[in-house]
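Each of the two complexes below includes chain A, the first together with chain B, the second together with chain C.
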Partner chain A sequence: MAHAGADRPIPPGSAPRRMSSGMRLLLGNEFGLAVLILLTAATFALTLDGFTSPFSVYTIGRQIGIDTMIGLAMMAVIVTGGLDLSVGAIGVCSAMLFGWLMQVMGVPVLVAVPLAVLFGASLGFVNGFTVVMSGVHSFIITLASMSIFFGVMIFLTKAAAFNGLPPQVQAFGKMRVLPGISPLLLITVAVCAALVVFYRYSTLGRQMLAAGANARAAELSGIRTGRVIVACHMLTGLLAAIAGLMVTARTGAAVPSMAGQLGQDWLLPAFLAPVLGGTLLSGGRVSVIGTLLGATFINIMTSGLLLMRVGEFWILAFLGMMLLIAVLADRTRQIFLTSRGMI
Partner chain B sequence: MTALQVSHVSKSFPGVRALHDVSMTMTAGSVHALLGENGAGKSTLIKIVTGIYKPDSGTVSMNGATVRFANPRQAAAGGLGVVHQERNLVTRFSVGENILLDRLGNRALSLVDYASLHREAEKWLKLLDLDVDPRTIVSRLSVAQMQLVEIGKALSLQSRVLLLDEPTASLTPNESTVLFRILRRLRDDGVAIGFVSHKLEEVFDICDRVTVLRDGRNACDSADLSQLDRGDVVQMMIGRAERITTRAPRPRTDAAPYLELRGYGSGAGHRDINLTVRPGEIVGLYGLVGAGRSELARAILGLSKQIAGEVRVLGRAVRITSVAQALHDHGIGYVSEDRKAEGLILMHSVLANGGITIWRKLANALGLLRDTTIAARVGPVLKRLELKTPSVHQIIGNLSGGNQQKVSVAKWLAAGVRLLIIDEPSVGIDIKTKAYLHDLIHELAEQGTAILLITSDMPEMIDVADRILVMDSYRIKGEVENDRSYDPVSRAIMGLIHERAAA
Partner chain C sequence: MKMISKAAAALLLGTVVCAPALADEGTKVALVPGGPHPYFAAWEQAGADAKTEFGLGAADYRVPAKWELNLQSQLLESLLTQGYNSFLIFPGDAVGTTSVAQELVDNGAQVIATAGCLKDPSPALFCLGTDTGNSAYLGAKELIRAMGGKGKIAHFTGFLVDPNTQLRIDAVQKAADETNGAVEVVQVIADIDAPQPAEEKINAYLAANAAGVDGIITTAWVPAVVAANSLRKIGDKRIKMVGIDHDEVVIKAIADGFVDGTMLQNPYGQGFIGSYVLNRLRNGCTLKEDGPWKSNALTNRFVDSGTVFVDQATAPTYVNAMVGITADLLAGFEKDFLTCS
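On to the complex of A and B.
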């Protein structure tokens, strides 16, 4: 879809037409999502008792923070046109290391946090390095590494949780900075801001987008695409680790099953948030804000449905449907834009 | 007899009028050239004829009856075959399967009768003088053979009208000659052939009628080509007379070599390569497709391993292992022949493409950089190249081929490379931009840039290069001093290539 429109007739001497920024905004996922969020939130607020209660708002916000972080982790590798099935495993492994460092080794929280995050990045490095060296698609590599990371973690921890974490960890997870706002959500907003700057203004971020859009062209333009792709996987690992620590703070313990078997429970939000947000699955384009909005939308929907006493499994099926619809909507928009020569 | 008639067709896209009252009449037993610069509307016209686009007004008729094809499949069934510029073969299938791809079996589950399929395919291959087994896998064929397979595929549908979109773009002169012989025979058999090309020599060689489009309008409608000369056609295409392109030979430079290969061998298969490019010199590298020229460029950039000899940059022996190193440490840039796949990132903006080579250089200590910083460096280069774009933030895929090519050159100029390897600079761009690029190459050389020019376009080579190295089978066969006299120089070049056959 990237090359279509290249041969569009453009009268010589006159400038090709350009989509106005307003048009771009309207056609972007962000705008549609924001409208959807407002509509659903308003509907639920008016019809459902307890949807706007301080507790509800607080927990929804906190979960948006966590899901966004998971989505950003996946987004960082979708940039390359690849994916990382091991985000959940990396998140849990980092969380378990975090718990072990504090509970068994007595490492202070503020030291354990960066160590666990770096550990996540190093697991990402393992993924990226293997993908680049082998040339095998990241799907297979991370399917394997997901099982390896998770299996080794279960072996080392004997599947036991770390329950005796320093009290600050849980306190942080239950803290309210402003009325109804969790610090976890603020961390996510800060990370979003950092990533927006990263993809827009940093050399590495731009190189990631270039390598993701067209690796050969990027390589021939003097970008070391191998290194850049490894960096993408490391960023994924780092963000997944942060998400793991956020979940640890929320539950007050590092639990091997916190992301389900093999960390699979994270996969749905991991893909749903960025794809809803307009990140291109084929790589080369990201939307950080879209990912935040995507996670917001799914959490508002989920919470509303839960309040309506819709069963958990129906919600899962609903989220699966959302993913399908998001992907189809993405394709439709692509075709529409391509036919009008806008991409 | 009129085989295909386009009458007063207009087509608009949002914000742009692609075709305005365009007519064309193709007769059976005639080769009809469809000419125009990039963006003149040729592709749109072909797409309307084949049913990809619907015309806003006007009609298309075949053999006197108005047709309204809903898609290319219907057009093919109606006897209108098209061979597109890009290959549309399933490369892992056999030649026979490709030729009869849409008639493999009657029903989804019916078995393919390979014996009769290959017999049928063989008939078409024979017609095209293509001496390959229909069981051959397409990926093993040369580009020229694939081209002929596509033509065979179009003919096998009993096409009486055959449209060829730049069929010679990826062919060598010899292969083109073979193609033309076949086209002449098809013409004599009564097929109406439409021929789109940027190479006017070919057009005058094979076509008898011509329709020229300019800015989406007829500059001429099905004129008799024998009544026109090259100048007339060019004038119709660009709206003014062609600039005289014969340049005086440039004085030889004796500056110390910028790049020197001695006894160089690469993992790609190059052997005993001796090559010197001096600052301010334009060295041409001529050869047929498959001679190993682009591969040599890539090897110099570090994309294949150096296995023998030495590489010297400014007299110092170096070992280049990546494009990044070639660019940042040795000031070497490469304009790829495949602009869309390797030269540009089509989904990104003009600015992102133009600045990609200098991000590293422009970033501050934190690795951050701003668009304005990049624009300050890239903007002047784009301006110098007279790039036509509404804004540097325009997605580059929206620009015309010529403008895209300007950006793929601009990114290296912005990086200030000292040696620029330019691979097929004028593939798929219009005459105006081509002449402009030739001027630019000369200007860069005047300013001391060393240029290594790879091209299969003989007139281009003779017009631009100072001296020409001839390559064949991954070796340098010899060197020809270029005094810009077309016949002796091209004869000397072809002589060097054909030495192989004599030896």
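On to the complex of A and C.
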């Protein structure tokens, strides 16, 4: 977990106690989630017919890949204490551009992919630039941009999908790299690894964490927080675009409704995975691995509940409860660690 | 809604000479709409009746928790894992659902796109649904007739991401264009097939513009209900209206004279006939390549599940109208579309 804890209150006259690495591991979200995942998966595997069938394992893994990518997109902007409600709209717009480039313009896949990803980043730039220049919270800005991006896309495409994509796009979405493993999951794991390195070792990554933890302190340290915030939104746009392309590969077509009305279908997984994984909504700390584990837990639970036939409507209620519990658990952990002088 | 479905089932089973039912407890049908919507409520009873009538292993109505393409896909994948082998699916998206339907077929299941079509090429056996464009066109013609052949129309319709919406908009416009300017579509309000946006936009529009509108056509369920209620509240029967579907609010408004009629669709028949066909196909029948398939904007393998206009005179017996179109279709389906050894 990468973090900058400069905004944590420290009791007067005391320095934070050093936490052993073992203690830090045990108190971390990742450890708790990993244990939960193991217990849940084992329970379902032993009690539910079909849960471990190759088809089931494959579809769960593929969905984990997509949901994690959506979660990472939101995580990249939560790090500054901001939000991006337009992740779904950016993902869909990028996917539609991807489809248009290939189907209408005849652009090869390998050229269309980076163009669509850059387009997502550019939409993120629009968000970030507007947030910084206006000083208005990103919630409001991205609420507006969500409608604008999606509305312009619907106007330009007339809500028609691009389903004449090169066959290798759909083949990629259905491919099994190893028995039961989707390449979409492997892409996500690779992006996770890159993000861990980015936040831990790169200057810009550490500046993002510092700006999110305490913007004023970061400014005084010479960090141009405005630029950093714009960069965070661009990273969000880039990751949302990758998620959009992954969904396109899965469906074999670029579809305007892939993320629902205005892209809102992505909002729950976008918040759920990173918050479950330990990313602080107040900013300054991200957990890339936690986001991956959060999405894994959600999808295992969802699949298990569907197989148990508990009722489709309970699944949404369950996901909402998970989000609430994650937020409350995060708050409790902060209070506990602060009271022990551990942060 | 359930009572209506039961009445339809009783009438249908009592009046239709069904093709010989071949019991196959191995046929497990899942009837899966794109999300919760009152239109599909009749599928539950249709599945239950089909299970009993045709001796199916299962014919269960399973609804994704919300209208979300991904949720529907996850549900379908789970149903396949649970052993369902026959699917009646309302595509969450005419293109986006193709991929998951292909996965179902690749794993030995059979799929009929129901109440809405998948865009060709698709793995669906065929599409069983309402010819939405034609239904909207016929509804608009009925409205224009009620308006005396002239005036201004407001059109309230469904979600823009649904390709059917554009077909409906075009069909209403086509009917208006045929009047050589006597009738004008002055407003199209889309994206309102949900209570909150429908209430907000329709009421706001009528509050400001009711005097400038002579007719209303609605081509989605929720706008039909909201517009019927609004006209009842306004209390002015000058504005003519033709709705869609058979919500009790709309039917009562027709009986009371606030709405002139509605274009019935046939969700019960879709669920019942679809389950029957899937069972027959699992038991040795095949689809006729040269059957009387129709075409629409999405597919060349379309079977119209029927649409009928109900007005004040026929509103009290509208269930009979639904039963009639289902009975007609079921009676001739095997002869027209199936080859059975």
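Convention: the second predicted complex is superposed on the first by the 326 of 343 C-alpha atoms of A that agree within 3 Å, B and C clash if a C-alpha of one lies under 4 Å from a C-alpha of the other, contacts with A are read in each partner's own complex, and residues count from 1 in each chain.
Just so we're on the same page, contacts are C-beta pairs under 8 Å (C-beta built on N, C-alpha and C of every residue); 3 or more make two chains touch, one makes a residue touch a chain.
Just so it is clear, the structure is predicted and the values come from calculations on it, not from any experiment.
Looking at the shared chain after the overlay, A:F313 reaches chain C, while chain B stays out of its contact range. On chain A, the surface touched by chain B in one complex and the surface touched by chain C in the other have no residue in common. Those residues of chain B whose C-beta lies close enough to touch chain A in the complex are 13-19, 37-41, 43-44, 215-216, 301, 322-324, 326-328, 334, 336, 340-348, 352, 356-357, 359-360, 363, 366-370, 388-391, 394-395, 397-401, 404, 411, 415, 430, 432.
Of all the residues in chain C, the ones that touch chain A in their complex are 62-71, 74-75, 77-78, 80-83, 92-96, 98-100, 102-103, 107, 119, 159-163, 165-166, 191. Listing the residues of chain A that touch chain C in their complex gives 49-51, 53, 55-56, 59, 63, 66, 154, 158-161, 163, 170, 173-174, 250-253, 255-258, 260-261, 265, 302-303, 306-307, 309, 312-313, 315-316. Every residue of chain A that touches chain B in the complex is listed here, in rising order: 2-13, 15-18, 197, 201-204, 206-207, 209-210, 213-214, 216-224, 284-285, 340-343.
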